[in-house]
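Labels for the chains are A, B, C, D, E and F, by order of writing; each one numbers its residues from 1.
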Amino acid sequence: MSAKDFSARVIEVFTAIHPLDRVPRAGFLLRGVTEPESVSAHSHALALMAMLFCEHYPRYDTARVLGMALVHDLAEARIMDIPMPQADAYLKEAKHEAEQAITEELFTGLSPKFAELNQEFMDGQTDEARLLRALDKAQMMIKVWCYDREGRGRLDEFWRNPNNFKDYGVAEVSDLFDAICAAAGHPRPV
Amino acid sequence: MSAKDFSARVIEVFTAIHPLDRVPRAGFLLRGVTEPESVSAHSHALALMAMLFCEHYPRYDTARVLGMALVHDLAEARIMDIPMPQADAYLKEAKHEAEQAITEELFTGLSPKFAELNQEFMDGQTDEARLLRALDKAQMMIKVWCYDREGRGRLDEFWRNPNNFKDYGVAEVSDLFDAICAAAGHPRPV
Amino acid sequence: MSAKDFSARVIEVFTAIHPLDRVPRAGFLLRGVTEPESVSAHSHALALMAMLFCEHYPRYDTARVLGMALVHDLAEARIMDIPMPQADAYLKEAKHEAEQAITEELFTGLSPKFAELNQEFMDGQTDEARLLRALDKAQMMIKVWCYDREGRGRLDEFWRNPNNFKDYGVAEVSDLFDAICAAAGHPRPV
Amino acid sequence: MSAKDFSARVIEVFTAIHPLDRVPRAGFLLRGVTEPESVSAHSHALALMAMLFCEHYPRYDTARVLGMALVHDLAEARIMDIPMPQADAYLKEAKHEAEQAITEELFTGLSPKFAELNQEFMDGQTDEARLLRALDKAQMMIKVWCYDREGRGRLDEFWRNPNNFKDYGVAEVSDLFDAICAAAGHPRPV
Amino acid sequence: MSAKDFSARVIEVFTAIHPLDRVPRAGFLLRGVTEPESVSAHSHALALMAMLFCEHYPRYDTARVLGMALVHDLAEARIMDIPMPQADAYLKEAKHEAEQAITEELFTGLSPKFAELNQEFMDGQTDEARLLRALDKAQMMIKVWCYDREGRGRLDEFWRNPNNFKDYGVAEVSDLFDAICAAAGHPRPV
Amino acid sequence: MSAKDFSARVIEVFTAIHPLDRVPRAGFLLRGVTEPESVSAHSHALALMAMLFCEHYPRYDTARVLGMALVHDLAEARIMDIPMPQADAYLKEAKHEAEQAITEELFTGLSPKFAELNQEFMDGQTDEARLLRALDKAQMMIKVWCYDREGRGRLDEFWRNPNNFKDYGVAEVSDLFDAICAAAGHPRPV
């Protein structure tokens, strides 16, 4: 691929994901949080958290973890953020297929690696994917705690849902969940 | 550092940067863009763009580039985004020192690498830093083009300022600037 | 059902749909419209438009048409507004089932009529359902025209998509589509 | 009136009320609720609530009740929502005349029924008008309770004002007010 | 009045006008301007403009002009901003009486001068009041021009309404209106 | 300066400060207050508070105090609001110089008095400047109290920082600080 073609594709990718910085995290919007975190902001925080973990627990492939964090929600620039419990209950497979197809289309002509990272994240079978899926929840729960302390929204049900504390077998994130619950003064739900 | 201490520090870092998803990119806000990109969203887009470049031009140290992208604006969770021309004209050194000091404080007790990445980015001497500083501008100008097409704000002066197209000697980003200008129908300012 | 039980159910319904006034119409948000119409506001406008049509073309069952207009998007208080082309391409059946299930659950213990109205709208077989589905598009396209004239967002692709002008065989709405296109200065796409 | 003329009038009505989805409910805005319910959203919720009541208590003329709900606040697309206590204290007659005149102008050339519905609502003499005026308050108080639980705004004075619980002699709405107060843990003011 | 009583009154005044910084200028909101100027921001700009005029044309009583600018819209913290044409057509006297009564109540126990300034502004008989009423329009039209250049809203009718260029016989503001129209490329309507 | 030149300069000043009504007060934004006070709104409230004090304590030069209030934050239309503790710790002198230079440039060709007022405020040596600097804090703390009662943001640290209650030796504002703390139920920090 020529530099010129590559530049053209880069422009297409970033105009395609341009709306992502205004796509609200649905779970927060629906519970009364005004000016909630965008999907872009979530992705940034998750990637940063992953970097801290990969530095501290060096057994992970950092580049893969960061890559997954950066791409895992790009499809929401097209399909919006569909809230978890409803998506899980009704749309699970269809939603995954839609997001994978949108991600593949987004990166057409570029490295197949990017869409593979998205698939790896959704499959959740590798150590890297399991780390990131657990951190995806941890980042959310720290945000919930921040909103709680700012009086924004009605988020108490987040603290009662064990799915929000799934560690996917990653001990270090399990420890983080414990610390979050202790700091916020909530028991960790089981 | 114990897992417990590490978890505690992670929570502190992410509560400290929590406001970043509502810190507006000042240059856009001041030119009439409503609901502008947040600093978090910018950081996510920059990291993603960097990943595309590192994959396509494999001579860069991907982990360092991504690390710089993820940390380079974290200090703005404390000090807000100060718009470029004014900051450059009046505050340059003081602003850099402030941001470096805030970044170091943010990561106290964690790896020194994170604050070093921020310093490397601001120094702009390594290939990785120069790539990212050039992409920092390119990401901004693609966003400007998106806003232009959506009728959001009055951004024409962005297209006339050569500083917004500084390639820091990186040929592949220079090519991207050319492509952006061509797509948007503007001559590239010199 | 006692008055007391009925009151309790009413409170539950309206606390459940409370978020709907902040659920943005996804198609507008994703195309750069800031402060876009909420799903609630859309439902109000659609019901009002339906009332005008039922008064002018008295062959429709007004109560059924208004009932469908008022309930047809309530499920989005749980599942958000999923943008049309993506939903149609990937989620069609699953999305309909999810919305119907959520609507049924919402009205549990109240008249089965409300969920039936939602089903009738989605099936689109009755005259009333076809009228309302066509008006659903017409209301959207008048809104697009209003946004265009206010310089909000980049909505030109709406004018090129024949799906946005589907009249479902209802001549009077076909006439309205013609009038909208004429007023806005666009040819009606076929 | 030809189909063509009717279409033209429909377009005029909906471009005229287009701003209504951004007109904030003044009582909420002034008490610190951010991103408050719009007047359009309120109208939708009120119409839906009315439909539930008409189905459960079938002695009302549903079409008239729904019609009143859909038109009763359309004038606010021109004159904004003027908060109740001040409007009542100073502007009462003038405000009603203004709203009726704006409503009549809005529907010029269409059925006189729509403006008559608005007048009927403001006069409050029929069973249908009294039901709807009482529900207008009930919808507001359920919203207040939702905001209270989300930590949005300072709305305690709503619970102390008997005018917010006026049942206009409609026993079934009086019962709803009791249920709202009981759920929210407030005594019903008298 | 003791220092303690004065402090108590000051706190009451500023908690009473606290909402003013979120009361939108209605004429802008209703014409599609998102994140429009608040009434507080308008008052600040008007006072500043008045100061420039009083410095340049020293025949005015500066303190009275500034005082009027600072108080002339405080009542809108209670009654919101009612858009001009509708208020003029239907509510004129009642609105003035309401605003004066609210202003008097706001300053109860403090100097009667503040409410007198509001009355002087509304009466529009003194040189100072006429200067400020003319500047009230000029500030608005400069804002309209800024919004036009930012692509925010559909404000063309502002340029066609002679009431928006009323100089109240103040030659220096008439000159400013000419300059605004010339800069914006519109003829001044008569 | 001709009337024509003066008009031209007035237009330039007000187009330059146009963004100020959307510049958020950084301290509030960073602590979770959504839709926070703008810098313009703050300036209006401060000027009004100053007017009340100058009327009640007539030893001050009212015109100078009001002038300082109206100009003291205009530079933020260019440089945004940089939050206090970080600005004080890192940028103090550079920030003051930047703001003074921007203010001088803003008023180029107009009376030098306006930029002098800004300098006088920053120097804080005159009675008028000290009064206004103290009121600058008092206005902020009343706002904090209003936000606290509306459940907006997490502002408790404001009540613990003695810098937010600096009276600059002005007894009457010290009394106001005492009253604010008493009303809000916080001890005044020392």
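Details
Rule of thumb we're sticking to: a residue touches a chain if its C-beta (ideal position, glycine included) is under 8 Å from a C-beta of that chain, and two chains touch if they have at least 3 such contacts.
Treat the numbers as computed from the prediction; the structure is a model and nothing was measured.
Taking the definition of touch as given, a chain qualifies here only if it contacts chain C and chain D alike; those chains are A, E. Relative orientation of chain B with respect to chain C corresponds to a rotation of 120°, obtained by superposing CA atoms and rounded to a multiple of 5. Over half of the residue numbers found at the chain D and chain E interface occur in both copies, marking it as a same-residue contact.
Repeated interface: C-D and one of A-B, B-E or A-C share more than half of their contact pairs by residue number, and that pair is A-B. Distances between chain centres, each the mean of the C-alpha atoms, put A farthest from chain E.
Separation between the centroids of chain B and chain D, computed from CA atoms only, is 48 Å. Centre-to-centre separation between chain D and chain F, using Cα means, comes to 41 Å. Here the spacing of chain B and chain F, counted between their Cα centres, is 30 Å. Shared interface positions of chain E, defined as residues touching 2 or more other chains, are 22, 31-32, 34-35, 146, 151-152.
In terms of inter-chain touching, the protein chains here follow a pattern that is not a line, ring, star or complete graph. Inter-chain contacts, as defined above, occur between A-B, A-C, A-D, A-F, B-C, B-E, B-F, C-D, C-E, D-E, D-F, E-F. Within the complex, the chain A residues that touch chain C are 19, 22-24, 26, 29-32, 34, 77-83, 86-87, 89-91, 94-95, 97-98, 101-102.
Residues of chain F that touch chain A in their complex: 31-32, 34-35, 151-154. Interface residues of chain E facing chain F in the complex, by the touch rule stated above, are 1, 3-4, 6-8, 10-11, 13-15, 17-18, 20-22, 35, 37-38, 40-45, 47-49, 51-53, 55-56, 62-63, 66-67, 70-71, 74, 110-111, 113-114, 139, 142-143, 145-146, 171-172, 175-176, 178-180, 183. Against chain A, in their complex, chain D makes its touches with residues 34-35, 146-147, 149-152.
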